[in-house]
Amino acid sequence: MKKIINDPNQVVQDMVQGMVAAYPEALKQVPETMVLARKDSPVQGKVGIVSGGGSGHEPAHAGYVGKGMLDAAVAGEVFTSPTPDQVLEAIKAVDGGSGVFLVIKNYTGDVINFEMAAELAEAEGIDVQYVVVNDDVAVEDSSFTTGRRGIAGTVFVHKITGAKAESGGSLTEVKQVGEKVVANVRSMGMALKPCTVPAAGSPSFELKDDEMEIGIGIHGEPGIERKEIASADQIAEELTAKVLQDLDYTTGEDVAVMINGLGSTPEMELYIVNKRVQEILKEKGITVYKTFVGEYMTALEMTGCSVTLLKLDDELKTLLDADSDAPAFRS
Amino acid sequence: MKKIINDPNQVVQDMVQGMVAAYPEALKQVPETMVLARKDSPVQGKVGIVSGGGSGHEPAHAGYVGKGMLDAAVAGEVFTSPTPDQVLEAIKAVDGGSGVFLVIKNYTGDVINFEMAAELAEAEGIDVQYVVVNDDVAVEDSSFTTGRRGIAGTVFVHKITGAKAESGGSLTEVKQVGEKVVANVRSMGMALKPCTVPAAGSPSFELKDDEMEIGIGIHGEPGIERKEIASADQIAEELTAKVLQDLDYTTGEDVAVMINGLGSTPEMELYIVNKRVQEILKEKGITVYKTFVGEYMTALEMTGCSVTLLKLDDELKTLLDADSDAPAFRS
Amino acid sequence: MGLDVQLIVDWMKKTNEKMQENKPYLTTLDQPIGDGDHGINMARGFQEVENKVTKETYETPADVLKDVAMTLMSKVGGASGPLFGTAFLKLSTAVKGAETVSYEAFVNGIEQAVAGVKQRGKAEAGEKTMVDVWYPVSEALTEEQDFTAEVLSETAKQAMENTKDMLATKGRAAYFKDKSQGHIDPGSASSFYLFEALSDVLKERA
Amino acid sequence: MGLDVQLIVDWMKKTNEKMQENKPYLTTLDQPIGDGDHGINMARGFQEVENKVTKETYETPADVLKDVAMTLMSKVGGASGPLFGTAFLKLSTAVKGAETVSYEAFVNGIEQAVAGVKQRGKAEAGEKTMVDVWYPVSEALTEEQDFTAEVLSETAKQAMENTKDMLATKGRAAYFKDKSQGHIDPGSASSFYLFEALSDVLKERA
């Protein structure tokens, strides 16, 4: 394991301190927690937006804290959901009297810990609502199973619910728009190389030199299917096809596209993938409203990428374009 | 070699097309060139800013094209300076009648090709000035040698000269402020793992599991010194010490800090490095005005980071803070 | 025979010992069908539990169990943290008041724990989760009249091994569908260590 | 004997052959003391040169050499592209007009080429660059009276090998200071192939 770290068991603490040190005017650390909040929080009268999850997905989630996006992000251990007490601290730190909205990625751990925090907060008299993001079409959706994972599409939920709250939306309105994004966003990922959890010390799985994994999540877990490595065009085609297959994107609405790098993929390669994705969408008559290429939701130093499509209506367009001060999503 | 590409000899073409496809409202490709320019260029009356170099440094350079930053970026083959005719096309595309300013990183190839382009442009009646960025303190500076390399500090030159031009600065004023940045910016990098040029197919050098390279550039070249791998704190201390040793940063002025990832380093680790860098600066009584943590100037999928410090006066602060629309540097 | 404060504390110390010892193994189990952190999570959590319960003094077993629950809940995270936490919280509530926990009270507590975990995790037996150790253990206990070290550890062990052939529908392993088969569920393995630790301390007492 | 259009075209084809063949080797040379692209650059450049000069028809050697220069200048990039381009441009200018290039004119052209490269690259002999092949070759040519295939290839080869012990002060290799010693300079190796190719076609003609 080659990493620029001090103690493998202290990476999250060190990172959180390094983040506050980077943006002292914008961020504050809620004392004795792994919660990073807007410096000016709680913003009175505004719905607070809280997200978070395991660490290792940087810039998610603290990079999205800022005016117009998240009010606080809770950092768990690497790939491990934060505990209910931490989430509760975040909720309390950002409650400006109009309630708090949680953006949860659909993992058993995140759902349980955030739900417990919501119960604790309600018990303290804070209104809490939440949405569970499950954009990963690699995983079958079923009410009898864990269901789909939340991956890169989550960033759109952050952006849009954050903008809604900033524009004065009520807790109910924020929840509605959050659910609208979740209903309209789908993603699919792949990987060429695994990653190593610092405290584990060894890679999460092995891949041969000519193999790739299709249907990867963002926790270094193996994918759904192992295949011979393909060209960028073929990869773009496969990922996009899976997404398009799952939701009808051709019904006259525009889409937002995100080509997300998982950590080690050179940006050059993300643009090469984007080239083909855009061609495919053009062929299908789908109009692209806005494209995002970069590292938005990573899995440490995993090599790979994901393709996310979000179907937009006028409300979502306006909110997507609204101002954001978050270091990792300025607009 | 595991890469998400089509043809190793077509990566730059594919990438450039993928970039225009990502930002069609902001960027245009100068026909039959590897030049990406602001959609609205040439901006009449404004000094045009052109930079570029070999590819593989993404988001440099095309990610910095936008209002308030570069007018055009020229993409050479991977780690290979673009040719004079390409640079000339960029100059012609952005000349709005007030001359064009080139930001050149100090590599023999870049300097020769950009200088030749400048000569050709002058012959066509376009005023051209330039600055050669040489911020890498790993390399000894001497008038008898190639001199220092230009690395991550170049991004500050892009930002500040771009802002100066946008604010109506003349070619001479842009050159002056460009030289001021170069005189006040220093960087130092290190790597844990090499990278692979697509057309070469094998890594640029080998490093044992317990080794790191200190004094690395951004072209996958080996570093100046090979050592046993150290902790993030020790790495931060060594890089920062080399930078501070080279220029007196304690003379009352504030600094901008950039912790730059070389491609594969998780953002988490960059923040861990930042934590210690900020502590050191505090200990030395150096006030930090603004911090940038992320991938600004990469070397494909190299694992490693660099630390850049820029000494600021009021003019530089204003220009650093000025608005920028560039996809990779919004402010 | 009943469980007193000291026995619960010993149980937790023994559990921690096993979690530390098997930290790499549990992580290895979590890599092919999860995210490779289960050993790290359990080792971190039970180390905190040991630190806590050896520092405090307690009146009743329920007090110890409550601290165990709260510690796991606030120090582990992930799926396993709140689920183990819930189990101990239910167990604590079930045995509240007693200075020595009778066999009947303990069996009832484990039943409550199973119900709590199932509810929190929305999981049933057979879905390749820790429920597949807790539930068989609970069933086996109702068949007995008193604490039997061997029954406890053997049932847990067998149950853990049975998860190998199961198809996951809950937790991260569910993402792998068929491919989840052939791997022991990590949370079932750590649950086995927990019950084996209880078995060990019961043996030491005997 | 003199150099005619066909010989120059053959020279370029032979050069390209060698660059393609030695592409991996040149890249390997550029990895420890450079950025690992020299073979790629040369192979790309001389492939374009071959494509160009076999497609066109030329009046004089100077016309071929000018196309070679422009092609290298616009298709290679890096340090080597404009430097090789400059060399051929100077050579072209020096032999302008003649249908057959005499030995004296060629020697003078190579001298001009060396001067051009030194000026563009701000390099002197002994700094571990391609100058360290071009300059010795130019020196050796002035000692001779006519084209001598062996002198050409042997001088170039020896000169290339001499770069191994040199300390780089120009180009990327300069970053490595002492560590640049012990490695052949990549641009000197490709320059050797260029002169060896000329030597080969001269032999074929003889």
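When the chains are written out, they are named A, B, C and D in that same order, and each has its own residue count from 1.
FYI, a residue touches a chain if its C-beta (ideal position, glycine included) is under 8 Å from a C-beta of that chain, and two chains touch if they have at least 3 such contacts.
Because the structure is a prediction, the values reported are computed rather than measured.
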Distance-maximising chain from chain D - centres being C-alpha averages: C
Distance from chain C to chain B - Cα centre to Cα centre, in angstrom: 54
Whole-Å gap separating chain C and chain D, where each centre is the average of the chain's CA atoms: 74
Distance between chain centroids, defined by C-alpha means - chain A, chain C (Å): 32
Where chain B touches two or more other chains, by residue: none
Chain D residues counted as touching two or more neighbouring chains: none
Pairwise touch network: line, ring, star, complete, or other: line
Which pairs of chains touch, using the document's own definition: A-B, A-C, B-D
Residue ranges of chain A in contact with chain B within the complex: 2-6, 11, 14-19, 21-23, 55-56, 58-59, 63, 192-193, 209, 212, 229, 231-233, 235, 259, 263-275, 278-279, 291-295, 298, 300-301, 303-305, 328, 330-331
Residues of chain C defined as touching chain A within the complex: 27, 31-37, 39-41, 44, 73-83, 120-121, 169-172, 174-177, 179
Residues of chain A defined as touching chain C within the complex: 9, 54, 76-86, 107-109, 112-113, 116, 138-140, 144-146, 149, 197, 199-200, 204-205, 217, 219-222, 224
